[in-house]
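Think of it as A, B, C, D, E and F in the order they're written, each chain with its own count starting at 1.
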Amino acid sequence: MKFDLIDTVLEQSADRIVAIKHVTMAEEYLADHFPSFPVLPGVLMVETMVQAARRMLADRGDTRLVLGEVKGLKFGSFVRPGEALEVEVILNGSSGDEHHCRGIGRVLRHPTGGSGETAVSGRFTMRPIRRTPPGD
Amino acid sequence: MKFDLIDTVLEQSADRIVAIKHVTMAEEYLADHFPSFPVLPGVLMVETMVQAARRMLADRGDTRLVLGEVKGLKFGSFVRPGEALEVEVILNGSSGDEHHCRGIGRVLRHPTGGSGETAVSGRFTMRPIRRTPPGD
Amino acid sequence: MKFDLIDTVLEQSADRIVAIKHVTMAEEYLADHFPSFPVLPGVLMVETMVQAARRMLADRGDTRLVLGEVKGLKFGSFVRPGEALEVEVILNGSSGDEHHCRGIGRVLRHPTGGSGETAVSGRFTMRPIRRTPPGD
Amino acid sequence: MKFDLIDTVLEQSADRIVAIKHVTMAEEYLADHFPSFPVLPGVLMVETMVQAARRMLADRGDTRLVLGEVKGLKFGSFVRPGEALEVEVILNGSSGDEHHCRGIGRVLRHPTGGSGETAVSGRFTMRPIRRTPPGD
Amino acid sequence: MKFDLIDTVLEQSADRIVAIKHVTMAEEYLADHFPSFPVLPGVLMVETMVQAARRMLADRGDTRLVLGEVKGLKFGSFVRPGEALEVEVILNGSSGDEHHCRGIGRVLRHPTGGSGETAVSGRFTMRPIRRTPPGD
Amino acid sequence: MKFDLIDTVLEQSADRIVAIKHVTMAEEYLADHFPSFPVLPGVLMVETMVQAARRMLADRGDTRLVLGEVKGLKFGSFVRPGEALEVEVILNGSSGDEHHCRGIGRVLRHPTGGSGETAVSGRFTMRPIRRTPPGD
């Protein structure tokens, strides 16, 4: 499996991005999560928001931004194979090289495709990787 | 990657099935097909119809039906990551243990989700594997 | 798994190519197709012919040719792990940027290695991807 | 890749578990996260805590517990290939079928193997999957 | 990739087995070994002999036999994609629960399929896993 | 899975290298080796020594060195998920473009991390791939 969870970007500006992660039976993690109840793991919902934020912030320089903090994260509906997670990430502001984001993910279901229930919501910060030598 | 291309079944009867295959960047074949233009390979569109037909025909006994013949197969629009292929397979009739099917696959695009252009269409037969010993 | 089904090219000219696809237990799709009867899926036989055609036509320009149409495709013998599919693709002619091909795949079995029964045969066209923007 | 992030359990009781997740170059996600700076993604640190909590709580019934909420999550040091994440999860209490956990993950580095810097810390709840039919 | 390197067994008795491992571009390890020169790694030739020995010895009880010792192992020709390794393993004798084997692997090339050059040869012992608790 | 078994290099000089291979449940081969007793296969211990030797010898030119011969190879303790194999490879000398190495692999166990029992030891040679055309 490729660790690339953004399938398409629907809208993008300097402080907002809307992107979609599809969920398919062909993705290997579903075989383990869970054997008889395949759903997108919650942490991969968060990673979808993280990767969306990374794209939104890519114009500002380093593209290797990582999670700094996560606050008030709540999980709701599941996203099953054949459904999709639509994430919307908004940049609330930046302090130094830390970027404060707010994200929400909704379930898209076929065939209507309309915005469904909330699957995940919360706030998080993105920061540069500040590479340090091993052992420090 | 799991070779399971049916993400969800929308409708199913004894002679008709409608199912969906999502396409995601996380699926490995897209890295090779093609490096700078990831699209669902045409043969996997056909396999989606084959796996849908196998589910539709599962009540009739052996679930290990395979492709026998394919006729008049045409490919149209591509299906990209973040889009989906909605296949509709109809059973036209059976002769002995061969099942004659007609299939069509349409592109589903967000956020409208409405039926889009035709990605694939054609006729095909499904037949039992008729296991024979190697060397025969 | 890599989506690269040409293991070796035995012969190649401007309008003919002979290539081999080995089948091994280590390839993941066999675990699903089928759990107790591992055989090369029919659509991957077709993909082997498509990838062989793409190599044969590579000198003519765009290497990202895709399937356009498939006619009179018939499947015969299975190809099991430890066996190989030898495909022969012949260019029958071109109209504009569409290339008309005829292909046949035979089973190679050890230890004789001689040409065995027909596994697949049919006609197909290859066409450029004609990239169009999403939504068109 | 298997979505099984608990390599070994060092200590386990009804309300506390200590477990280890090794990081290796052979794991595929490192090729993408990041091409020239392979580190365990933050969300997989969280998933390690989630899977540890699931084991700790397995005696109480349903083993398919998922993330409900996450609070005060902070990320610190990276975990590189050849290093390990040692997570300690403590059950703070349960309300109904929701379990309130506190977790911390530290970096283990060879050859000393002693507890290193904090890689992740935070609070989270685990809840049953409460299966509902698609479309609700 | 599945760690199952026996594609087919050509001959088998209580003290001799002949088996085949095909090599395909679709197997992932070839992408790394080596990027511009894909060949079956030497250790996987050995593993093919080990897995063949395990099948030959399966009738004697525990099927989870592992390598004990290896002596006089020599590597010769490479095995490329589209070629195969034919291994022949002979049981020289057993002492207690250790089984002394001699193995040779030859390259099979299409289209002749005849026995080719030696790719690997050597002696090795197989022994039960003798499970012991971690920490002993 | 990536066929890259060196997770970190602890020490390196022109004729000695110490490196570590972690073992994790996420690595796919463990599912097959063995279903109820996951341990690092012996041949992958050897490959870890081979890849360490390749790094040690990389300054001398061709980085695509392969195994030539293996002598007096013995396997001891298992390496389980959450444990690591620490290999030490020493260059005993070179004759022409063949390099004579001696290697030993020890089990590293948490939380002490101290050097544990011997998992593998033996002598082996590394030689250039001497590329020859197929069919020779």
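Definition applied: a residue touches a chain if its C-beta (ideal position, glycine included) is under 8 Å from a C-beta of that chain, and two chains touch if they have at least 3 such contacts.
The shown structure was predicted, so the numbers you read here are calculated from the model rather than taken from an experiment.
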{"item": "Chain whose mean Cα position lies farthest from chain B", "value": "F"}
{"item": "Same vs different contact residues, chain B with chain C, by half of numbers used", "value": "same"}
{"item": "Chain centre separation in whole Å, for chain E relative to chain B (CA means)", "value": "38"}
{"item": "Computed distance of Cα centres, chain D from chain A, in Å", "value": "18"}
{"item": "Distance between chain centroids, defined by C-alpha means - chain B, chain F (Å)", "value": "44"}
{"item": "Chain B, residues touching no fewer than two other chains", "value": "1-4, 8, 28, 31, 80, 83, 134"}
{"item": "Chain-level touch network, classified as line, ring, star, complete or other", "value": "ring"}
{"item": "Chain order around the ring, beginning at chain A and proceeding next to chain D", "value": "A, D, F, E, C, B"}
{"item": "Residues of chain B defined as touching chain A within the complex", "value": "1-8, 10, 20-28, 30-31, 80-84, 86, 108, 110-115"}
{"item": "Residue ranges of chain C in contact with chain B within the complex", "value": "1-4, 28-29, 31-34, 37, 39, 41-44, 46-47, 50, 64, 66-75, 78, 80, 83, 109, 122, 129, 131, 134-135"}
